[in-house]
Amino acid sequence: MFQIRIHGRGGQGVVTAAEILSVAAFDEGRHAQAFPSFGSERTGAPVVSFCRFDDREIRTHEPVMEPDAVIIQDVTLIHQVDLFSGLSSDGYVLINTSNGFSDLGFGDFFDHYRPERLMTCPATEIALEHLGRPLPNAALLGGFAALTGELTWDAIDKAVREHFSGPVGERNAIAAKAAFDYVDSKIKETARASTN
Amino acid sequence: MTSQRVHFYQVGSFAVGNRLLNEEERTIQAQADRTNSIDSGHRACQGCGEALGARYALDAAMRATNGQVVAVNATGCLEVFSTPYPETSWRIPWLHSLFGNAPAVATGVAAALRAKGKKDVRVVAQAGDGGTVDIGFGCLSGMFERNDDVLFICYDNEGYMNTGVQRSGATPPAARTATTEAVGPEPGNVFGQGKDVPRIAMAHDIPYVATATVADLHDLERKVERAMEFHGARYLHVLVPCPLGWGSPSSETIHIARLAQESGLFPVFEAEYGVVTSVSHIRRPVPVEEYLSRQRRFNHLFGANPRPDIVAHLQAMADENIARYGLIAPEMEHSS
Amino acid sequence: MKIPFAITLDVGSSRANHTGSWRVERPVYVDRLPPCNNACPAGENIQAWLYEAESGNYEAAWHKLVEENPLPAIMGRVCFHPCETACNRVQVDEAVGINAVERFLGDLALENGWTLPDAGPDTGKRILVIGAGPAGLSATYHLRRLGHQVRLVDSAPRLGGMMRYGIPAYRLPRAVLDAEIARVIAMGVEVQLGHVVHDVEQERHDGKFDAVFLAVGAQLGKRVDIPAGDSSRVIDAVNFLHQVAEDDPPLLGRRVVIYGGGDTAFDAARTARRLGATDAVIVYRRNRERMGASGEEFEQALGEGVTVRWLSTINKFDGDRIVLEKMQLNSEGFPEPTGEFEELDADSLVLALGQDTDLSLLEHADDVTVRDGAVQVLDSMMASPTGIFAGGDAVPAERTATVAVGHGKRAAHSIDNFVMGSDAQVKERHELASFERLNTWYYADAPRTERPELERVRRQTNFEEVIGGLTPDNALFEARRCMSCGNCFECDNCFGVCPDNSVIKLGEGMRYEFNYDFCKGCGICVTECPCGAIDMIPERN
Amino acid sequence: MLRQIEGSKAIAETVALCRPEVVCAYPISPQTHIIEAVGAMVKEGTLAPCEFINVESEFAAMSVAIGASATGARAYTATASQGLLFMMEAVYNAAGLGLPIVMTLANRAIGAPINIWNDHSDAMAVRDSGWIQLFAESNQEASDLHVQAFRLAEELSVPVMVCVDGFILTHAVEGVDLLDQSFVDAFLPPYEPRQMLDTEAPVSIGAMVGPEAFEEVRYLAHLRQLDALERIPAIASEFFEATGRESGGLVRPYRTDDADTVIVAMGSVLGTLKDAVDARRDLGERVGVLGVTSFRPFPSEAVRDALASARQVVVIEKAFSIGAGGVLSNDIAIAIHHEQTLLRTVVAGLGGRAITRRSLEKVLEEASRDELATLTFLDLDRDAVDRERARMQATRRSGPSAENLLRDRATVAPKVRA
């Protein structure tokens, strides 16, 4: 079972992101489950959503306690909310920011984590470029696919287009692809860096 | 022959029937084959105004719809005295659910009829003043606001008579009830703004709002038939004296209702889409005393230590009605 | 069971619950005596014929009317209609114009030639009726209907008595008088005119009559001796009017003084005006309040220029001047002389001081009592157990045509009992229908239709009828003003207002009945009955 | 067709397949997504003929349903928590009149303190109303149950409440195999009312019934629920034949055969429980789960059979009767009625408190060591309680407990506790 926790703010499509992920997984023939941190989300308020997928039937309905991946849609949450609780040392982290991961001032917090799994991505810029609106969620999903390889690009692409129909879907898909490529290239970079 | 003029002057022009009128000019209650929507054997008190009002209104509705009427009833006297197991007095399809939900239940009936394409069947909801102005008010306003195809009839006997004459939102000022005793410096019910549901109904801009009493059958029946010409939410407020609760002789039920109207305390009018379109003028004006003094619930205003101040206050309210609705016909004003 | 238990019920099942057991008082339908019927001297069933007229069934109405009175066209003109004085409608707006409707029906009957009921099967009994005035004609009519043979004798050359010789034509056109009398005679009556009966017993014996009805009226004008010069023209009103009726009016000159305050005085004064008198002055010893004449007649007379000198007596009359003495009323209301005098120019003096009856024909009828110039009779109008009956002005009673007609009817029935040897069955009368029992809210205000009056000018110069008739339209309207006091007129109120549906409507003309299985005895029907035809009576158990 | 879909949507689409003729609703979290979706289908015209009525309160919502059902229409509504309590009078009335209304209850806690999250207090509050109450374990079952609910309701003339855990299920996006119209039409024949307002055959419905017949009326209602004990499994197996899905039924045992300890629960927690049980089984503990699908009528016999061999029964309850204890536990105790069985009650997940597999395993562990108290509150913050108790003893004006606790924890419930 692979479990994802997505942090963001009300209005940033946090819940939608989890849902699209679950659909992507579903389309790949996996069992999937997505749900919000049940509550009355208000625009701007910190929001959490969850997604889990597995090859076996998912029976549990507990919240995600030990995520395999954490997606942070809004970097300003870093010092407000306990973002990484339960994240295992080989978990993935994808943060929406134009800065590098090391520039975020986590200090030694991630020393025991695998650096190639800690990633930032300027999803908002990408969204602005392709959607004209600062909605980073779809883009981050592209980034997630590239970072974790848990879901194929095609699944994400399909799910995004399924969710946002028509031209909006098209533009979101393009943004997601851009983010996918960005993260993909970053990974290759670091891989190259570590090899030599 | 100028039958119209003669008709106006003739004996019993205001009576239920009169052999001299042609059939359609008589009220439904003059027809030997009337529906008797509510049949004999009901357990209403002697001289019950509500039993009368209900038969008048529903028989009229039956005629207006060719017998295609379904009735919804709120809890209250009418419901209790008409359907105590194992007997019912109703001859039409009738449903009682709760005290406060008659308007909503009627909405449901109307919706079901619409869904089933039964266009010809119409819904009448009925309740006492408690079920209308108090506990049922939320549902009533909702039904009005949605303009559901329901004629809601309030039989107003100005109190909770079923439970032993307690005060309702429709109880008039100074009236004695079990919860507004005739003691202290301000005996009886308080003087307030009152809860004028007909005008509140008009504020919803529904197609039709009217008031009536059991004292003028021609008027009451015409209004029910008029109401049935509209679709959407309609409201009819009928004054039905309660001999038990008002402390009046059972034989005077209709007479008292008449005095309520002719004193101006109960204005009789009709309104369409929030605008008053007609008023029933007072034929024989009377001071409020004549109305009040016949009811024991107002005894404390007369007798040993009378309260002319309170009677004057009530007269002022009547005068206000007369002015607001123009209840005295212009040609009468000088003569009276 | 098809429907769910208890919470759902089959319609109308409450009829099993007989709420009649709650009742401590029960409503019952009653018929009360309407005040108009009660007040009618001729005993007409006014409400009954108005009921027919209300629906426009004028012929039926007329037939109901002549059940009691064969002279509606005449009564509709000369009756002082006590019915209207008694009418409950007075307390709502104005009395129903019963008299006008009666006349309308009477005239309509004459127009259409409606006939009176046929004479009854012959009984073989012979009755002598002396006097062809209203009493005599009424008696004749009823006797004929009862199948008795009638000989009607009168000293005058023509039928009608005082109706012809006392009442001026402008109040009662002769054509109408003749027509209604003819209708009675047409029932088969032996008439003997210009015949003076000198001895009633002799007459009866000669004609082998089984009974006699004495209706000789009061034909003798009362005289008082007033000092008067030989040249003075003095005549009594009875003769004056009689001569006018015979188209042989006496010459009275331009200034006529009439002495007296009764209807006859006014008839004389108004007649004098019509004969050309410039001044017609009535001299009366009392005041307006105590005057005998009807208000109607008084108003019309004044309208015609008749003047009145109240509180005056005539002291003497010499040629062309009358001396009056002023009077004043004492505490008992009797006039007393004041000693003040005044003079009045006059060409003639008409004495209208009342009439006396000539009863010389009774001299040999020993067992008939005459007191104060009037024949004493029982309620049955019987004057002598031997079979002499009397009525009209000859007996002590109000001297009006209507009273006379009533006498005639009552006498006829008593005579029938007498000759047939049956004893009078008095049908007991209902309680009076008082105004208090009415619920007048149901009656719309409806001012009475006044019969048109001829404008005064025309009236002063000729004998054309003063009071016009109703049109069919306003006759119907007037009839429908009747409130049907104390008698159900099928307004459906009781049927409509019963909270327990416990009134059964029996259908047109059949009224209603109560269903005591369900009637709880609330009494609403009693309160809401417009005409007070329902009583509430205690349940006896 | 299998779709990855939100629970509420799945329920809404299934309800639509049942062709309701009158749907009325008043919004309340977490029921909103269901009625929004149905409303949309009516507006689009994909659900027709159907009257969708936005009422002014839950009281009106149930009342409209009553009127519609009494007129022979198939009526549906949905609510939760305070909404259910606000319509409670009408809830009893619908059952009393025997009107086969189907209502989705998106289970939610009852205030005060106001709380929009899931537990079962609302359903428990109306357990005696005469409604049939079915609890869904998953969204698949939640949507399947609605078709069975209409069938059951209309067969017996009894209203049915489908209880679905708020947010946990209603807002969860999962794979749900939606039924197709032809199947539903065949499975659910058109509504043939036992009584209705009909001008051709008028009756009076809703008479006043006195002592002379009231008891009989109530007993008849009870008998209808006993009939339901027959019909619920019958309908479920008929459904299974056609779909191969085990939705509905009275109870659902999981690895109870040789179980020494059986955990009884209702609703969405069953899935998590099964995972926990599997884990404990791997450690050799003989534990099993008994899911109760039909809470009313209560299947005492089925429960008794399922628990016959258990030495210990632990009831996980998302509600409890303050001052008494477990509600479901009571019914279980009466059902098994033999003293030698240990009966434990664990109150969990109140007001949306997450029930984690970790906590559940802890319960199982304690149970296997017979260390479980008769009444336990799962993951109770004892310190917070003690602090508030102390405050209350210290000062009369100690203020509102709820706010005090929040201030203590300086956080917004129900944040996932790290």
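Every chain is named by a letter (A, B, C and D) in the order it is written, and numbering of its residues begins at 1.
The criterion applied here is as follows: a residue touches a chain if its C-beta (ideal position, glycine included) is under 8 Å from a C-beta of that chain, and two chains touch if they have at least 3 such contacts.
Not measured: the values here are computed from a predicted model.
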Pair with more cross-chain C-beta pairs in contact, given B-C and C-D: B-C
Label of the chain whose CA centroid is most distant from the centroid of chain C: A
Centre-to-centre distance between chain C and chain A (centres being mean Cα positions), rounded to whole Å: 116
Computed distance of Cα centres, chain C from chain B, in Å: 50
Centroid spacing, where centroids are CA-atom means, of chain C and chain D in whole angstrom: 93
Distance from the mean Cα position of chain B to that of chain A, given in whole angstrom: 67
For chain C, residues that touch 2 or more chains besides their own: 6-7, 9-11
Touching two or more other chains - residues of chain A: none
Residues of chain D touching at least two other chains: 97, 202-207, 209, 213
Chain-to-chain touches, reported pairwise for every pair that qualifies: A-D, B-C, B-D, C-D
Complex contacts: residues of chain A adjacent to chain D: 18-19, 22-23, 26-27, 31-40, 48, 58-65, 82, 85-86
Residue numbers on chain D that touch chain B, as the complex places them: 21-22, 24, 49-51, 53-57, 59-61, 63-73, 75, 89-90, 93, 97, 197-199, 202-210, 212-213
Interfacial residue positions of chain D with respect to chain A in the complex: 4, 6, 29-30, 116-118, 138, 165-169, 171-175, 268-272, 274-275, 352, 354-358, 414-416, 418
Touching residues on chain C, where the partner in the complex is chain D: 3-11
List of chain D residues in touch with chain C within their complex: 96-98, 157, 194-195, 202-207, 209, 213-214, 216-217, 220
